[in-house]
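You will see two complexes here that share chain A, one where it goes with chain B and one where it goes with chain C.
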Partner chain A sequence: MTESPMVVRRGSWLSRLPIRRENLAYAGIFLAPTFLLVLALIIYPLLFSVSLTFTRASTLGAERSWVGLDNWARLLEDPLFRQSLVQTVMYVVPACILAVIIGLGVALVLNQDFPGRMLVRASLLIPWALPPVVVAAMFQWFLDGRRGLLAPWLVQLGVTDTPVAFFTGVPGTLYTLVGIHVWKTFPLIALIFLVSLQYLPRETIHAAQIDGANGWRRFRYVTFPFLLPTIGVALIIQLLVTIQLFDLIFALTGGGPGAYSTYNLYFYAFKTSFEHTNLSYGAVLAYVVTAIIVIFGLLLTRGGRSLRLS
Partner chain B sequence: MNTPHDRRARLMAWAGAALVMAALVLEFSQLVVDWPFPFWAWILTTVAGLTLLWRGLDQLHIGMGARAVAAALAFLVVLLIVVPFVVVVVLGSLQRPVDLLTGPHLIPPQPTLDQYFRLFNIAYLSEGLRNSLIVSTTSAVLATLLALLGGYAIASLRFPGRRAVYTSVMLIYMLPGIALLVPLVAIFRSLRLIDTLPGMVLGHIALILPLVTWLLVSAFEGVEPDLEHAARIDGAGRFDALRRVVIPLTVPSIATTAVFAFVLSWNELLFSRVLYVSSTPMLAPSIVNLMDPINRVEPQLSAAGLIASVPVLILALVMQRYLIRGIGEGAVI
Partner chain C sequence: MAEVRLDGVVKRYRGLAHDALQETSVTFKDGLFTCILGPSGSGKTTILKLLAGIEEVTSGRIQFDGVDVTNVTPERRDVAMVFQSYALYPNMTARDNIAFPLQLRGLPRAERYRRVDDVAAMLGIGPTLDRQPRQLSGGERQRVALGRAIVREPKVFLLDEPISNLDANLRMTTREELKRIHAELKATFIYVTHDQDDASAMGDEVVVMAAGRIHQADKPSDVYHRPADRFVASFLGRLPMNFLTGTVSDGDGSMLLHGEGGLAIDLGPRANGFRTPEGQVLIGIRPESVLATRAVGATTGVVGKVTLTEVVPPDSYVTASVDGWSVRARVVEGDELQPGDSVRLRFSLRTMHFFDPSSEQRLETASVEEPS
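Right after this comes the complex of A and B.
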């Protein structure tokens, strides 16, 4: 029996270890800095915040006292928690529907071949890249009742009879924020659809065309079913983004007008933790947000996997 | 070429286009002159015109109608995106505060760069700009460097526990910022890291490291394993394989990742606001300060907004091809 050919392995001493051990050693070395940082900045804080929820901790003092499940029990009888939860839904539902419809429409338009489409596609990056606070400042002026441009424009163009007050109504202000949020996020959804449309089987579309299917029927029976998984993914992504809507609320309304009319859960957790300096109850609220996100996020990874396979 | 059918089709297309243009002019001239041209009339005329255009062109050449209508609609989308930004942020920043008294202006009556010079007198704003540049660059670079190693290990080393690491990166990536920030503030306070630049950098790294690692794992998974194996058989260690084979092959992805990290950190408000007490203002919360309803000077706010937008807009412009692909594949939220 001849000796099996052996690959001579050179390199550092690590390379002379058996391959599995070598991999483990390298993985250890390569992952160590990231792991240490994640441990210190993410995992330890998350565990620490579990302990926070069982104590009474303020951002001001360091003293903490054990209060058991009090902070968690408070959720059940906290009307503002319930209101924020309801308002979170009021943000999420229209924001998801609008962004997906507009995003899909824009993607279908940009999927056509016309001169300048690359320029239009690039312009989609503007709302995505702009800092949310700049978007907030921009729409604060644009939509302002006295100094803004849009309200008088709408009157002049005959859309409305009287200037719209974008930032005073309840729940109108919440929907103004939804509108601004959709302006900022629809490009992301459009780009997701646009990439997905590139994989649309051209032969099927051509076959339908030859069979005499008009544009609507081609969309209804070929494109739409093909895009369904992507619509699911886009809805969940938009949902995850909207649940975490914070910047616009913080910069534009501070939670008002009226009694907390534009609070969502995320903003409530922020207010509780850092303005009412109750880190313990804030941590509880943050965990509720996290739970919702993780549930839908797991859905997304399932959906994403099936999308990639298809 | 010149059959009656073709002539009719061409007439239809031209009529449609003319209708759309006429309606557009009639509708928007109302911003200057006052006609009684109701909004619904504009919508109806436009839809009718686009239909004529579509039909006419489609009879001349299949698919041409859809393309023409798409171009028209795309123009509307661009207006929707560009008009608020150009009118409010760019043109608005050139107005004088007194112009606000004479009603909203589309074009500044007497354009001036005055507000930009005044911004330098606001200490927290220029400090915020400096701090944001330092913190965002540092955390983007550090996070990308760390993720080069970590992402490579996860993507191409087969080691026990790899799947667990993979899944936890994804889970951590999804965590909402507030869940991290609440305990981080408590911890940072006891370590005296609050209101310091290192603390700010650490906070931002906590925010972007999971995303960056995740992106680079995906990028490195795309590298042909054979290339790396060839290098390894030639005697390259893992470090060499990473440095000489994997990194050169994925330079665009790495650059895109760093840009994503920078934009995320630059635009971030929550961490920047909360980790700041008095000595480390960042740009985003400083702009919110300017939005204070009592002392607000809109043109000044627009000037500050434009300055804050320039770095991210330039990066978006330069990297647009890669960013569009990265976003479209759903890798970045």
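Right after this comes the complex of A and C.
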């Protein structure tokens, strides 16, 4: 293409924008409100929070003093940070594995033809759509040691001798939360798999069947390899969701029982900032979580690219 | 290697008013190449799916070599199927796609790959074996799918329009190849297509289907020259058949055809052994057996006016109006006709097809049918 007189291609970055020069003023006017919003709601808070990590600040007072890297250095000596980090992993690993296995299983079942399939598919999303506080209240009642439903059942069925204490054990309580979290999040994972399965042609499965593959081998050699990229994506999505697990902890345990036994980094950051009013160190913790999320988020976008079909 | 029989098979899908397959009994002879020919929705692919076992019959039995396989699962039927979409395994190389059936049968890797190489050589896809399906062209995918079927040496090959996605030239060479492969393997081939050229090029037998029903099962030349009913007559042939309702009677030394609107056509002297059909009949005449000549200079034939001209190499055709009846006819070589020209049309009794006007079944007139 020859040089178009309307699009200026040389000069400063501004003049290289695909905008006619005489329209630049309009562009500025139209973009200004959005730009101001972004500045006020995203860029300024971001910069402010970065600056927070180098000062001593609290939510109570206005006085702030410059402390350099002290807040960051504190990470290294903070046992509760280490514990929260370890517990974050304790949440993430089982939550990812369980949600992907259950989600995959449910998706495979829902991908079959059976009467009432649409109804089951629709009801699948209920746990996911419920507000976290409702889920918390529901399980608090369901799992309560004395008044709850499940513990007496287990005793009656002879599974346990005494009612199981779902919310008092260490680290048992953490796994109770993992269980509830998985119950709430697996529908999304199942949905992702279900969508992906729609792209696996029925004919390919039929071909495998005619070639002599039984159900397990059709899954092992055709469906599973086909779903591998999706499994990667599902794992990372579940990881991101689980790192940010907060509401269930807040509503059900408040970080206990015992010594912070259900803390994760996210919850610790919240506690530090808003209950111990140490905004600076809270911001540092939040940035640690952010860093983890950004790293895995980038992995997700790369995984998503490999998900694209030929 | 296997004779395949459908015995009173019906297939009905939930929520569909019409049976996908009405009660059907048909035998696919051992070692023959049978083409199931029909328009879309005729139930031809349904037959393949029932034979493969990926659909269950609503009623009736399916037999392979006299053994009832109606309730045998696809993985145990020992049939191979090539899908129109090829249905290759997207995560495997071409080699592993072809080797997959052997892998499932527990053959050691070296033996698997040796047989894959043999098949690949036969199909000329040796150099593409290490590629994944998405890196292959349509023709290569089709060959890989074919290879995956051949490598198993099955009793029955089911082919669902495997070449309809290829370009015209490739389609022609693939037809020859399929024919050669069939001659080599001597297995029972059942080939579904909507393309009559496929059927006439490859089929030992042709089964013509429409709306879930078999209309005729015969040799390829027979379905063209002796169509069993109006549907078969109109479905086969390059150009649509001419139809009219009328009576045929013995005239003064020659046969006369009387149609609606005072149409009268002299059909020439009565052929030997021709039995005149009684009363009103449906008459089908292929455009290629009606000859059109320029009216000027011709003395015989019915006079008509050209309304449309078309070229179907190597011949030219005109559509002419004769007393309100629109008829397509082949132009005698050398004549060039324009819309508006007067033409004379000559019909011949021996190439006419007679059908019962209500049942649309063929009426046998015992005239000696010869290829035109």
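Here is the rule we go by: the second predicted complex is superposed on the first by the 272 of 310 C-alpha atoms of A that agree within 3 Å, B and C clash if a C-alpha of one lies under 4 Å from a C-alpha of the other, contacts with A are read in each partner's own complex, and residues count from 1 in each chain.
Operating definition for what follows: a contact is a pair of C-beta atoms (placed from the backbone, for glycine too) under 8 Å apart; a residue touches a chain by one contact, two chains touch by 3 or more.
None of the values given here were measured: they were computed from a predicted structure.
Room for both chain B and chain C is found when the two structures are superposed via chain A, with no clash between them.
Counted by residues of chain A touched, the larger count belongs to B, out of chain B and chain C.
In the overlay built on the shared chain, the residue A:F226 is in contact with chain C alone; chain B does not reach it.
In the superposition on chain A, contact is made by A:T34 with chain B only, not with chain C.
After overlaying the two complexes on the shared chain, residue contacts for A:E203 are found with chain C alone; chain B is out of touch. In the superposition on chain A, A:R217 contacts chain C only, with no contact to chain B. After overlaying the two complexes on the shared chain, residue contacts for A:L110 are found with chain B alone; chain C is out of touch.
In the superposition on chain A, A:T242 contacts neither chain B nor chain C. Here's the short version: in the overlay, chain B gets within 5 Å of chain C at its closest Cα pair.
Shared contact residues of chain A, touching chain B in one structure and chain C in the other: 209. The touching residues of chain C, counted against chain A in their complex, run 52-54, 73-77, 79-81, 83, 85, 87-92, 100-101, 104-105, 133-134, 148, 152. The touching residues of chain A, when paired with chain C in their complex, are 201, 203-204, 206-214, 217, 221-222, 225-226, 228, 309-310. On the chain B side of its complex with chain A, the touching residues are 27-28, 30-31, 34, 36-39, 42, 62, 66-68, 70-71, 73-74, 77-78, 80-82, 84-85, 87-89, 92, 100, 103-104, 106, 146-147, 149-150, 152-154, 157-160, 162, 165, 170-172, 174-187, 189-190, 202-203, 205-206, 209-210, 213, 233, 235-240, 263, 266-267, 269-270, 273-274, 283-285, 287-288, 290-291, 298, 301-302, 304-305, 308-309, 312-313, 315-317, 320, 323-325, 327-330, 333. Chain contact summary for the complex, chain A toward chain B: residues 7, 9-12, 14-15, 20, 23-24, 26-27, 29-31, 33-35, 37-38, 41-42, 44-46, 48-49, 52, 57, 59, 62, 105-106, 108-110, 112-117, 119-134, 136-142, 144, 147-149, 152-153, 156-159, 183, 187-188, 191-192, 194-196, 209, 215, 233, 237, 240-241, 243-244, 246-247, 250-252, 266, 269-270, 273-274, 279, 282-283, 286-287, 289-290, 293-294, 297, 301, 304.
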